[in-house]
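Same chain, two partners: subunit A is paired with subunit B first, then with subunit C.
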Partner chain A sequence: MNDLITGIGIAFGLILTADPEVIDITARTLAITCSSTLISVVVALPLGAAIAFRDFPGKRTVISIIQTLYALPTVVVGLLCFMVLSRSGPLGYLGWMFTPNGMIFGQTVLILPITAGLVITALQSVSPGITDTIRSLGASRLQFLRSHVREARFAIMAAVIVGFSRAISEVGTAIMIGGNIKGHTRVLTTAISLQTSMGNFSLSLALGIILLVIALVINLLLGLVQNR
Partner chain B sequence: MITIDNIKKSFDGKTILSGVDGTIKTGEIFAIIGPSGQGKTTLLRILNLLETPSEGNIILDGVSIHEIKDRNQIRRKMGMVFQDTIAFHDTVFNNIALGLRYRHYSKKEIQERVMQKLGEIGLSGFSNRNATTLSGGEKQRVSLARVLITDPEILLLDEPTANLDPISTEVIENLIRRYNRECNTTVIMATHDLLLGQRLADRVAVMMDGRFIQSGTVFDLFSRPCSGAVAQFIGIGNILTGTVIGNKDGMAVIETDGVRVYALGEIPPQTPVTIAIRPEEITLHRGSDTGTSARNVITGIIESVQPFGIISTIRVSHNTFRLSVQVTWQSMQDLNLAPGIPVTISFKASSVHGMPDECSHAA
Partner chain C sequence: MTGRTLTVLIAIILGVVLISSPVLAAEALPEHSADRLLIGTTTSLDATGLLDVLSEKFEADNGIDVQWVAVGTGQAIEYGRNCDVDIIMVHDRVAEDKFIDEGYGLDRRIFGYNYFLLVGPGSDPAQISGLNATEAFSAINTAGETDESVVFVSRGDNSGTHSREKLLWKGGGYDYAVINASPWYREAGAGMGQTLTMTEELQAYTLCDSSTWGAYESELTLIPLVENDDRFLNIYAVMRINPDLCPDVNAEMAKKWENFMISPEVQDIIGTYGIEEKGKAYFSPALGNEELIGVLVEETTTPVV
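Up next, the complex of A and B:
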């Protein structure tokens, strides 16, 4: 109980005094998570649209596989990305191991099934009448996609929120690909993990509270956009 | 000109259209009427390239539209209003502007045109309202405006006023009429509402069993339905089947349910026929003294009385022969009509319409 109260106290202290290390870790966390969320959405929209609007053999199976991957363990993604990005791996030449770029890559792989799966559900939930109207008005392919995305924007925003939340809270990929290097790849979750293993429960808790506050603020902001 | 050439369509082995043939002239209002589930919507969707026919062609100005690669080239000449009212989760303005944005109109032009259309559909001031919060009638007006704003050469309407409030119905019908007259827009509409067809259409085609079975003006349909099914659909209350037993004085004598009915025109004896007699063309008399010159005079008793507004439908039976007659509420009172009372009914031979059950299948 003492740790909890001390932790809350330290958290506010760190936030109010704008502790340089905390600011550094927080800024990096946001940069990496926002990047991976953005990339996953940019990939998920055309990919989701291609799956949602086209009929092809095995479509149902593809959707089921994507939905199964929602539960992909972060350490498994970490392991796979490690094998791909390590010096001997197929993308080893990029030199992304133990870099923020590698972490963005790992988080994108982790959340892409979620954003793509939810985008598919969002686009498929647009009523057939709306789809017919868009076609009937003579929309080009791009206009067709844009009108559907606009019509399904609330559900697509939910996909963004869920993807962001999953990315900011994961630790497995961040630690395996990033390596938790101070001042370079350390993010809030890996810092919490380290501080806990070192017995600094109060500091861990403080960082945890900061993480939650960020998640809350981002969710509120996206929620505001959603309700516009 | 649009030529519909032997259009067939099946879904999962079920035949929806079994060979539709017809020609629709430029600037014509053409109504496809018929009961629900006969393929009217499917035909409109094929015309709008939303479905591909299993067989046959739609020829627009000499071009088979389903063979053109760039479907938008054809679609942008057309506009379709669907039966289910469609509203995007967006403002009324953006709902109406959509087709213009697809066509890359300038912001200024979109603004001017949308505001003009809002006035035409009686929804000025609704520009920033969320379209999904409008009533069904208002949504359908927005749907029509969304289509009309693109100046389509061909307007396809699927039950445009079904289940709408009277104000929206009037606004929509007036707009359809206006665009047809002022812009020479060809209008093809599917409806089960014969009266809508009568109010708007230059020509109607009856669609049954997946094809046109009769076409012409509404008056043609009313006066000369080609089959019992058409007569039943357009609401001719008395449809009877019988056999011609002979011809006399230029009239066919038809026996139906043990009663002889005289119909104008000679028909070869022993021909089985379906006859239609409009209830409003039958006169009802109290007792047996009619003093009528009508050729058909039949005595019977009132079986039932069904009031419908100021008109009542009276069912008169003579053994197994039954006919419906329409009388005003005033006549009901004057003649003191009630079930069980003996009456006489009379109608002219010219009021009996014999149908050979051979329809043309092309419009």
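Up next, the complex of A and C:
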């Protein structure tokens, strides 16, 4: 109980005094998470549209597989990316192991199924009447896609938010690919894990609160955009 | 209007990325760039803060960035074998020998030592206090069979400490597989700090290196019950990764780091670090203690060229 109260106190202390190490870790967390969210959305939009609007054999299976991958454990992604990015692995020449780039790669792999899957659902849920209308007006392919994205914007926004949330809250990939190197690949979740293992429960809780505050701010920002 | 929503959204995300990108850009160095030395280290050197002190000094002297991944000895060696680190700092003679025989490890130098401790609850249900290492392990095994309050927590992570623990069980004439399957034996699968926290919660016994113990003891009710046994000597070594097998390693800086670690100046830091804060040093320097710890003088003094 004591740890709880001190934790909340420390959290506000760290935020108010702008503790340089916490700022550093928070900025890195944001940079890595936003990058992976952005990349995954950029890939998921065309990919999701291609799957949602095209009919091809095995379409249902593909969608099922993507939805199954929602449950991809972060440590499995960490392990797979480790094997791919390690110097002895196929992408080892990139030198991304234990770097922020490697972490972005891992998180993108982790959240891509979620953003893609939710984009598919979003586009498919646009009412057939609207689809028919857009078609009958003789829309080009790009216009067709744009108007669907516009119709499904709330659901697509949800895909972005869910992807971002999973990326910012995961620890398995971050610790296996990043290695929790101080001042280089340490992010909020790996710092929490470290502080917990060192028995600094209040500080861990404080970092957890900071993570949630960031998630709240990002959600509010996205909500603002959505409502305009 | 709404088509713009997505553009605005992407602009916001881009904005955040751009704002925070100086942090990232400064760090997105290639893994083995010439101005970065990446160490795979055992957790105790990190948990005690010794590496913070040493890296600061090395960075000031050489103008490069020293980074480390703190893991168990087993994993550090695995990172070395995958060419993912430039140098390793570990404490498991047997695993090190194998790593050197395979051709991966070069120029092993010994830079320090400490002792393992068998720590446990003050109530000491297995009554191991005052026993030697073998007797204590045997007492835990015997008491564990009948007394449910006797629990032993193992690192269980192939770390140097876990290796030593296995060696001690074997030395006592036990089959480790049998011990491992015993109901009183718990594998934490975690670093030393986390294992200590778990041991504290379970009021159990565990094997701990004295340096990590020094960093954690003030937060724990556990006490050291068995110490000062010859078999508890724990020797720390540094070795670089063979550039013939891993062409991308920063061999120049790795050599410099090895020479730095065995230099009289750093040996002096190792022998005094912790006194100011804790009243006693976390580690003992290897230099001058070769006979006591049973290593060759060449391993502590010969510079790496």
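Just a few scattered comments:
Following the convention adopted for this analysis, the second predicted complex is superposed on the first by the 228 of 228 C-alpha atoms of A that agree within 3 Å, B and C clash if a C-alpha of one lies under 4 Å from a C-alpha of the other, contacts with A are read in each partner's own complex, and residues count from 1 in each chain.
Please note the rule applied: a contact is a pair of C-beta atoms (placed from the backbone, for glycine too) under 8 Å apart; a residue touches a chain by one contact, two chains touch by 3 or more.
Keep in mind the model is a prediction, meaning the values are calculated, not measured.
In the superposition on chain A, contact of A:I65 is made with neither subunit B nor subunit C. In the superposition on chain A, contact is made by A:T133 with subunit B only, not with subunit C. When both complexes are overlaid on chain A, the residue A:A31 reaches subunit C alone and has no touch with subunit B. Of the two partner chains placed by the overlay, only subunit C lies in contact with A:G92; subunit B stays clear of it. In the superposition on chain A, contact is made by A:M157 with subunit C only, not with subunit B. Within the superposed three-chain model, A:Q143 lies in touch with subunit B and out of touch with subunit C [touch as defined at top].
If you count the residues of subunit A touched by subunit B and by subunit C, you find the higher number for C. For the contact definition in use here, the residues of subunit A common to its subunit B contact set and its subunit C contact set are 150, 153. Residue ranges of subunit A in contact with subunit C, taken from their complex: 24, 27-28, 30-32, 34-35, 37-38, 41, 86-89, 92, 95-101, 146, 149-150, 153, 156-157, 160, 179-185, 196-199, 221-222, 225-226, 228.
On the side of subunit A, the complex with subunit B involves touching residues 127, 129-130, 132-140, 143, 147, 150-151, 153-154. Residues 1-3, 5-6, 8-10, 12-14, 16-17, 20-21, 23-24, 27-33, 38, 47, 52, 67-71, 81-85, 190-191, 193-194, 196-197, 216, 219, 246, 248 of subunit C touch subunit A in their complex.
Interface residues of subunit B, counted against subunit A in their complex, comprise 45, 48, 50, 72, 75-76, 78-80, 82, 84, 86, 88-90, 98-99, 101-103, 143, 146-147, 150.
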